[in-house]
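Since the structure comes first, as structure tokens, the remarks are kept for the end.
Per-chain residue numbering starts at 1, and chain names A, B, C and D are given in the order in which the chains are listed.
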Amino acid sequence: MRIEDALARAQEAAAPEVGRGRLAEYIPSLAAVDPDQFGMAIASCDGQVHVIGDADVPFSVQSITKVFTLALVVAAEGEDIWRRVGREPSGNPFNSFLQLDQEGGRPRNPFINAGALVVTDRLQSLTGDASGALRDLVRRESGRADVSCDPEVASSELEAGHRTLALAHLLASYDNLENPVDEVIGQYVEQCALSMTCRELALTGLFLARDGVLSDGTQLLSARQTKRINAVMLTCGTYDSAGEFAYRVGLPAKSGVGGGILAVIPDRGVACVWSPTLGATGSSAAGLAALDAFTTYSDWTVF
Amino acid sequence: MRIEDALARAQEAAAPEVGRGRLAEYIPSLAAVDPDQFGMAIASCDGQVHVIGDADVPFSVQSITKVFTLALVVAAEGEDIWRRVGREPSGNPFNSFLQLDQEGGRPRNPFINAGALVVTDRLQSLTGDASGALRDLVRRESGRADVSCDPEVASSELEAGHRTLALAHLLASYDNLENPVDEVIGQYVEQCALSMTCRELALTGLFLARDGVLSDGTQLLSARQTKRINAVMLTCGTYDSAGEFAYRVGLPAKSGVGGGILAVIPDRGVACVWSPTLGATGSSAAGLAALDAFTTYSDWTVF
Amino acid sequence: MRIEDALARAQEAAAPEVGRGRLAEYIPSLAAVDPDQFGMAIASCDGQVHVIGDADVPFSVQSITKVFTLALVVAAEGEDIWRRVGREPSGNPFNSFLQLDQEGGRPRNPFINAGALVVTDRLQSLTGDASGALRDLVRRESGRADVSCDPEVASSELEAGHRTLALAHLLASYDNLENPVDEVIGQYVEQCALSMTCRELALTGLFLARDGVLSDGTQLLSARQTKRINAVMLTCGTYDSAGEFAYRVGLPAKSGVGGGILAVIPDRGVACVWSPTLGATGSSAAGLAALDAFTTYSDWTVF
Amino acid sequence: MRIEDALARAQEAAAPEVGRGRLAEYIPSLAAVDPDQFGMAIASCDGQVHVIGDADVPFSVQSITKVFTLALVVAAEGEDIWRRVGREPSGNPFNSFLQLDQEGGRPRNPFINAGALVVTDRLQSLTGDASGALRDLVRRESGRADVSCDPEVASSELEAGHRTLALAHLLASYDNLENPVDEVIGQYVEQCALSMTCRELALTGLFLARDGVLSDGTQLLSARQTKRINAVMLTCGTYDSAGEFAYRVGLPAKSGVGGGILAVIPDRGVACVWSPTLGATGSSAAGLAALDAFTTYSDWTVF
């Protein structure tokens, strides 16, 4: 089936879920988003983009940035980061503090919050400006030079951030932060608060489907590194529903509480879907339904 | 690279690991196996088989059968089994009883022991002879009509089986077994004790790489069902090292404490590797190294 | 205040709770008990007994026997049992399997089910007839020669006993049972199913308030051993509400799902209260209220 | 046996343990203490004090202050604090974050660090100066007007305090702190850093043995409130070894990582023992041995 048609089917499949579920409540400006939006973009490896719905409406990228931050760290220094963070699924949401504490302050994987704090911390050490490095990457790849952080979201997150602070201090108590807690938190929050569209995110993620090659033809990651990041996304990218997500969608993917999901189809392209309300698993329910349908109709799948 | 050459590279890469680590100790007849063996077989979707090393030496299949049992249940009645068993990684080995108890007696996934007991129980209800149904499948697909259970292994397992009995009774306390505990345990142990070679296992698993089509051209599973079982294997097939395994090998796979690993490369074929000693994660260390090298050199990978 | 008056106040305080809450449901014959009963007996160290309400109605003793079984084991061989069972509170109900598994098959304390299985197993090894030894003790001390096990309760428990079987097999997997699982379970269930009255239980427990001296003046336990068993009762005797119980009642006590509670006031006497319905913590809510009031009015307390 | 003699026996019993074990390492000024010290003081309800060894050497009181802080809060507003903190043993050290997180930010009891933060927070709200209120109490009762905080210890603790900060932020994320995290931490650390002698601590704690009556005859707590605090000390006062401590010593007690232990013998008096090295359970090993012997020889015990 043609991509345009698979996209239309995906939108149909998602329709009953759009607006159902809850908005991320702990961040006031996310809780104020119109819940009835839905957008999806497919960027092919050849650079073509197909979109449907609200694919050009900016939303809060949140945890999807964790993939890009990880890619930047691996690009800068290879595999060293794995000494400080694991790559196993976490199993249970309530385990986050328990596991961190029992496993000597080494987060389970780079996509849970504790792990992303460690990755951000490392990127900060490597670049002196983690958020700037991330911004450079997304601006260059998305083609929009003014992608930036939503200051209202960032300041909401800082205020509501006791849980993130608790994780950061627990990491620090195990000497698994190189920079001061406040600096790491500041960088982390700024990254999460990036505001981007489905189209922009799909374009930005394209290197993950192209063995690490950026839009200008340079190599951000080796093919092997890229494959490995995709593998970690598949097993750990959607929190405690990684198994469910793999079962239904079968693609490496990273979701965010803003309602976005980025999914990689190696050698084919990247899908980005967005709808603000979240299902029980903390990912966009409409997005999950759309990706499930899209992979079924397009046969863009890894299994 | 040609498959023969990739196999040779895989054997080279595995060589330093062969004989290192520990044998499964709790079963006397497994602990008595010569640790310095290594075999590997690749069955292509076209039915060709390439082998290297001890690929025709029978070994104890153990948990690898869990994939086939699951396939038989899904083939018989579709998705109903998921009401009784989840499909999320378990996160931590010590969690098996905790999670089962906290999650109302519904095992995390069909590949941990508790989950496999539920799947076996269901197959027993559906067929009246779970082990017989499994034996029929492996005999037909492997082409060896006398594949059977090693009675010494089975009786060792029964004797050492207090932990499995504890899981079964905990399942029963949550009404998640349809058949008597002893009957389910008997069937379960008989399945685990199957004795097969790499070549035979690779041939048996080929339907997982061929969208569910058996060697005689009939459809055991639909393409969608097959894809889903592969997805569950990737996220849950190698116990608590599913993330690590995906990172290094990037293929749906199921390992057993006998030292075998079965890996699926959709639309390409199936790899089966065997070497009896186990690494820290409970899977064959040499097998993991061999698969890592094989996917790198052959480019048979899903990511 | 005189004991008679304190008893009357205790009954008043308990009245609003009598019949509220739930009966133990998993044992049919316990679920069939008239929920509106309440009895209490106080046995003083001098042998006098004061009673109120249904203090002469027999009920299912259940876990209260765990104290007597422990006393018999300590009497027979001193402190050896503590190598196989701890004496720390368990913290959380859902932890029973987790802790047992993480702590190498050594139960947290002798009053959780896993611990009582180990104590019963040891008594069986020491006597060849654990239930008989217990029966001898309770008959002798209570003064009723025909105290015995309710066969209907025992057989109900055996049928519903998957959870207990799971614990026993987990203990066996760690080599922490000396006798076959079925034999230990049989003895354990027979003990729990003893049927006794408040008066009889108070008389039986009196040695715990008299530094270990039995009704015939012989010494079952040394003063030091008795003090220690009382200490373990105070920290571990009422499951996950030991802290709450100590806070409100301030006495060493052991409760059972039959609705009975035995409390020890060292050098003063023993209280036994019974009312069949259980509060959220699994102990008799009316019994807790009665003991709270009794200690307040009588000033029989340890703190 | 006379108290002087029981004290001498206690010192003898403790001698082999003095200097064994480890000093609290995470606070440099505690790690620098001479490990071979031992002191003990007994304050009787009549106001007499008996001492032995280094009973007049000041040491870092640490967690022992948690009892006094709790007493001040209960004195000020009764039982309200129990809405924000429980009174059950915590079961396991590694559970501190898990339990706090699973139980909605309500610490298990007032003597684990998370609970003490909540109690300090409340005292801060009630008094505007939690540390000042505590200082007033200990100065008045100990009879030394210049008891104060060791600034070096306090600043060491602040620096090493990531774990405490993590707990405080996790509490804040559940809205279980009324004051800013930094203010609560500041007060908390200042309290822990109090420097006092065995003699002074025994005198300060005497109200716990005298039904709440202070040295000047005024009532800080009611008899019932005092009994209840003692009960919580017995079940929760010595971290994860409350059961072991009750078994061996049989008294309500609170230990600190400075090596001090305060134990209450209701209606008799208060014992304070100090020796800087800690056993496996985090309490002074020599102190535990001394109290074990003292209760045995003096028969000052609650059971």
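To be clear about the criterion, contacts are C-beta pairs under 8 Å (C-beta built on N, C-alpha and C of every residue); 3 or more make two chains touch, one makes a residue touch a chain.
In UniProt terms the chains read A, B, C, D = Glutaminase.
Fair warning: this is a prediction, and the values are worked out from it, not measured in the lab.
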{"item": "Chains contacting each of subunit A (Glutaminase) and subunit D (Glutaminase), listed by label", "value": "none"}
{"item": "Farthest chain relative to subunit A (Glutaminase) (centres taken as mean CA coordinates)", "value": "C"}
{"item": "Separation of mean Cα positions, subunit D (Glutaminase) and subunit C (Glutaminase) [Å, integer]", "value": "32"}
{"item": "Distance from the mean Cα position of subunit C (Glutaminase) to that of subunit A (Glutaminase), given in whole angstrom", "value": "55"}
{"item": "In subunit C (Glutaminase), residues with contacts to at least two other chains", "value": "95"}
{"item": "Touching chain combinations (by label order)", "value": "A-B, A-D, B-C, C-D"}
{"item": "Contact set on subunit A (Glutaminase) toward subunit B (Glutaminase) in their complex", "value": "86-92, 95, 99, 108-109, 224, 226-228, 230-232, 234-236, 240-244, 246-248, 250, 252, 266, 296, 301-303"}
{"item": "Touching residues on subunit A (Glutaminase), where the partner in the complex is subunit D (Glutaminase)", "value": "94-98, 100-102, 162-163, 165-170, 172-173, 181"}
